[in-house]
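See the structures that follow.
Heads up, the next two complexes both have subunit A, just with different partners, subunit B and then subunit C.
Moving on, here comes the complex of A and B:
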């Protein structure tokens, strides 16, 4: 095995082992992700009297089930780890190793995926089986696009976590900004409301922003709501945002590290 | 070779006034203080040397070590470690050094040390056969066998420190920075680590720079010391010479067959202590031999030993001498 693969495998092994140690905490986090269920109840009630812009009760059920799945696949929590390690000075130890710290954070975050999937896949799968109505897409092209879109969604999440986490190099208030970001993200990503139910002007604006690519895009691909000929432009826009935010995150990180004075280390 | 030239680091520390008023004032006008933590420090360390880097708290030791290990960018001056510039933090440099801090750990807290070791094997690209050999050596030297598979959080401080050293040495660094590695450890564990560091230095020829507040560490490990205070180098040279120059007297401890009157001892040197039949005299080094000869002939000596004054006294004297005199109020 070549070195980068060996390092990735070692990081993931450690991430999985840590996730298993923190299994109770992760399961509680997962159970606490109830917002899609609340929105599911809300929207199905509203749609009980008739479909809302093409969304029936059943469509909402499928939409929010897929949302739960994608949310757990693309979830990231690096901002808290980064913030804490910069403020406490323990980032020092990561900087001493010949490995970019962002790889280590990525490994830690992705290490909990097997545990999350082991819990969420059967639950969501069962719900889809029991649910009578629009289902996951059967189109192979969409199934090919789905993992790509999920990977892109995760990368975008990670880049934003690094961008906001790295602000801790300059300010003690970076987590406050995280709350502002989360509010915007929840509204525009499709987490609270499907993106095509937003007001028309906001839809036009949102089409060029990164939020939809961070959740709504993979959800809509899983449900086959995006026509096959539109897949490529959507994925291309997602890739462009990955490049842009990824480059910004890297640039901010390296400026921050230069400034890092390792207080308390 | 480690070459440090005019190394300087200035911190800009925000000054916060206490209380609500201070907090509100800080919102509009932030006062920043300039602290010169390290000021034009220069020295050279030959390959294979073990050098003590000593000074009181806040003297600039850790800041210097951080610049030497690439964690801090110098404000000015230069550092070269075996041809590498530390703050560029290139792979070649990071695989050349290791920094072990007594108060910080790289071991993954909730996993056994073996997991951290395995991770380091991948990160440092250590050949599997070399890794096994080095790990076996370190496990034997540090007596880690039973600790490898216990979660780090369940290890005692001393056990953790031994595993920290092991994690730091797996890639066989040529330069080892040790920042208070024995802090908080009991006397037996301090001695174990000291012995290990000395053997490691002899066997591998690694260059070691050690900061510590324990003078036993210094005596056992560092023929050469660099003293730093208020960010500047106050002494750089042999430990023996520092002791001889700072406290020119030797300490002669006598046990006599009967308790002597103090005036009987006065002609031989400065009487530091007299308890029953045991007396401690401070005798100038130049007159040590004839004084001992006279002591043995003139007094009923049952036992006699000669040593240097404790290193703690030497350090206290050096740093007191360097403190500016108090304002005569």
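Moving on, here comes the complex of A and C:
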């Protein structure tokens, strides 16, 4: 048991070191996540005339602040790394190592969390302090569920990144598909609009799709918008999607690696 | 005249390059159309909740969206592919080959590549503008159309300038693909009417990076809500941005030391 833990710790250490080398890049990348702020400005303008489906101006502020935090906690960029390495052939190097490449990607992605949090936590924390009104939940049960939901959200993100990234084994470039996925995700996950504000029919459909579990679920848990007795079903659905998408990603990856020919390497 | 001939030659080569993979070309055009539909979803969602957004009705906001889509098409067809290529040139040191050619380097890097598939969006934007005008029972006067087109041209100049300034930064930072990402994220706010925003968000998006001017003002011009001084102001701003970008590019070139040296 000690051995895998040591590997994980080493991977994270490398990830953190890498993040520090490319710190400027990561900071710009973080700034590019301004979409929640734009949407916040927009929805508060609308809510100034009166609350929308139970969302007042203050709720929107809390919602999008939490969204920014969860987005940075569960962010993933593996699809770009995988695409680039398949195209350039440098994946070969990873395949030679006695460690599954997916572990390495996971370590790299998670390694930038300390830097991200060092920047985003003070900002979001300060904003929460300055803004008075209904904000985070005080219920310990919700705070217990929050890290679980964030971890699940990250796992789902990673699985989708690997799934779409692995398609590049067949198509050489799967970033176009990624942008289609991102468009769907942005609308249905609660990134642009809280899931409660979607049209009724879309809400019913969305309740069974994985998008909400990738962002909206942890956000709504942090705000205490999900009743305690609904927590378990939601987390169960998230876990089910993790298993399903995770298995699919692993299967596709291993099939893809078998036909990988390392162009140009 | 010579400048025009060089430009035409560059564009024709660029067109031929981008159409060499026909399936890819068709797919890209198709994707652009799908995106067009998707762009409208958040707008319809917002107006599903409220009849007006910052004083704009759905049909008026559709007009802003039309200009946003058109401008995005122009950006993805002409501006983005070129400037991304420059960054690649800088990283690999192949920029030297361009610099020794007997034509203005800025012209060479600005017209070297075109993605005609993205122009589908330009057509889509025009179609959407026609639909919006019909729903508004609006027959724009020729003068208003002219003003709107002039402002769209100005917006294109500002977009190009911001990109060129970002690329000039690449001479120092080498990797600026993230900078492009950042700008795209900010540009996305232009899909909404300017008055949908309040406070400092609106101030930043109007004065620092004038993305709100790029789409809302042409729409207002078409609606006949702008007067001549405002149009003049917007066009002057565009000119100032062009000059600033030219300056940034010249300064950057002077610091260029090629990749391998």
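Note that in this section the second predicted complex is superposed on the first by the 263 of 265 C-alpha atoms of A that agree within 3 Å, B and C clash if a C-alpha of one lies under 4 Å from a C-alpha of the other, contacts with A are read in each partner's own complex, and residues count from 1 in each chain.
In this text, contacts are C-beta pairs under 8 Å (C-beta built on N, C-alpha and C of every residue); 3 or more make two chains touch, one makes a residue touch a chain.
None of these values were measured; they are calculated from a predicted model.
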Applying the touch criterion given at the start, work out whether A:138 contacts subunit B, subunit C, both or neither, answering first, second, both or neither.
-> neither
In the superposed arrangement, which partner chain does A:17 touch: subunit B (first), subunit C (second), both, or neither?
-> first
Does the superposition put A:99 against subunit B (first), subunit C (second), both, or neither?
-> first
Using the touch definition from the top, say if A:9 reaches subunit B (first), subunit C (second), both or neither.
-> first
Subunit B versus subunit C as contact partner of A:180, first or second or both or neither = second
Mind working out whether A:130 is in touch with subunit B, subunit C, both or neither, as first, second, both or neither?
-> neither
The subunit B residues in contact with subunit A across the complex are 11, 62, 66, 69-73, 89, 91, 94-95, 97-99, 101, 104-106, 108, 110-111, 115, 118-125, 151
What part of subunit A is in contact with subunit B in the complex they form?
-> 3, 6-7, 9-11, 13-14, 17-18, 21-22, 89-90, 92-93, 95-99, 258, 260-262, 265
Spell out the part of subunit C that touches subunit A in their complex, as residue ranges.
-> 27, 31, 34-35, 38, 41-42, 45-46, 48-50, 53-54, 173, 175, 178-179, 181-182, 184-186, 188-189, 192, 196-199, 201-202
In their complex, what parts of subunit A are in touch with subunit C?
-> 24-25, 28-29, 31-35, 37-38, 41-42, 44-46, 49, 52-53, 176, 180, 183, 187, 192-193, 197-199
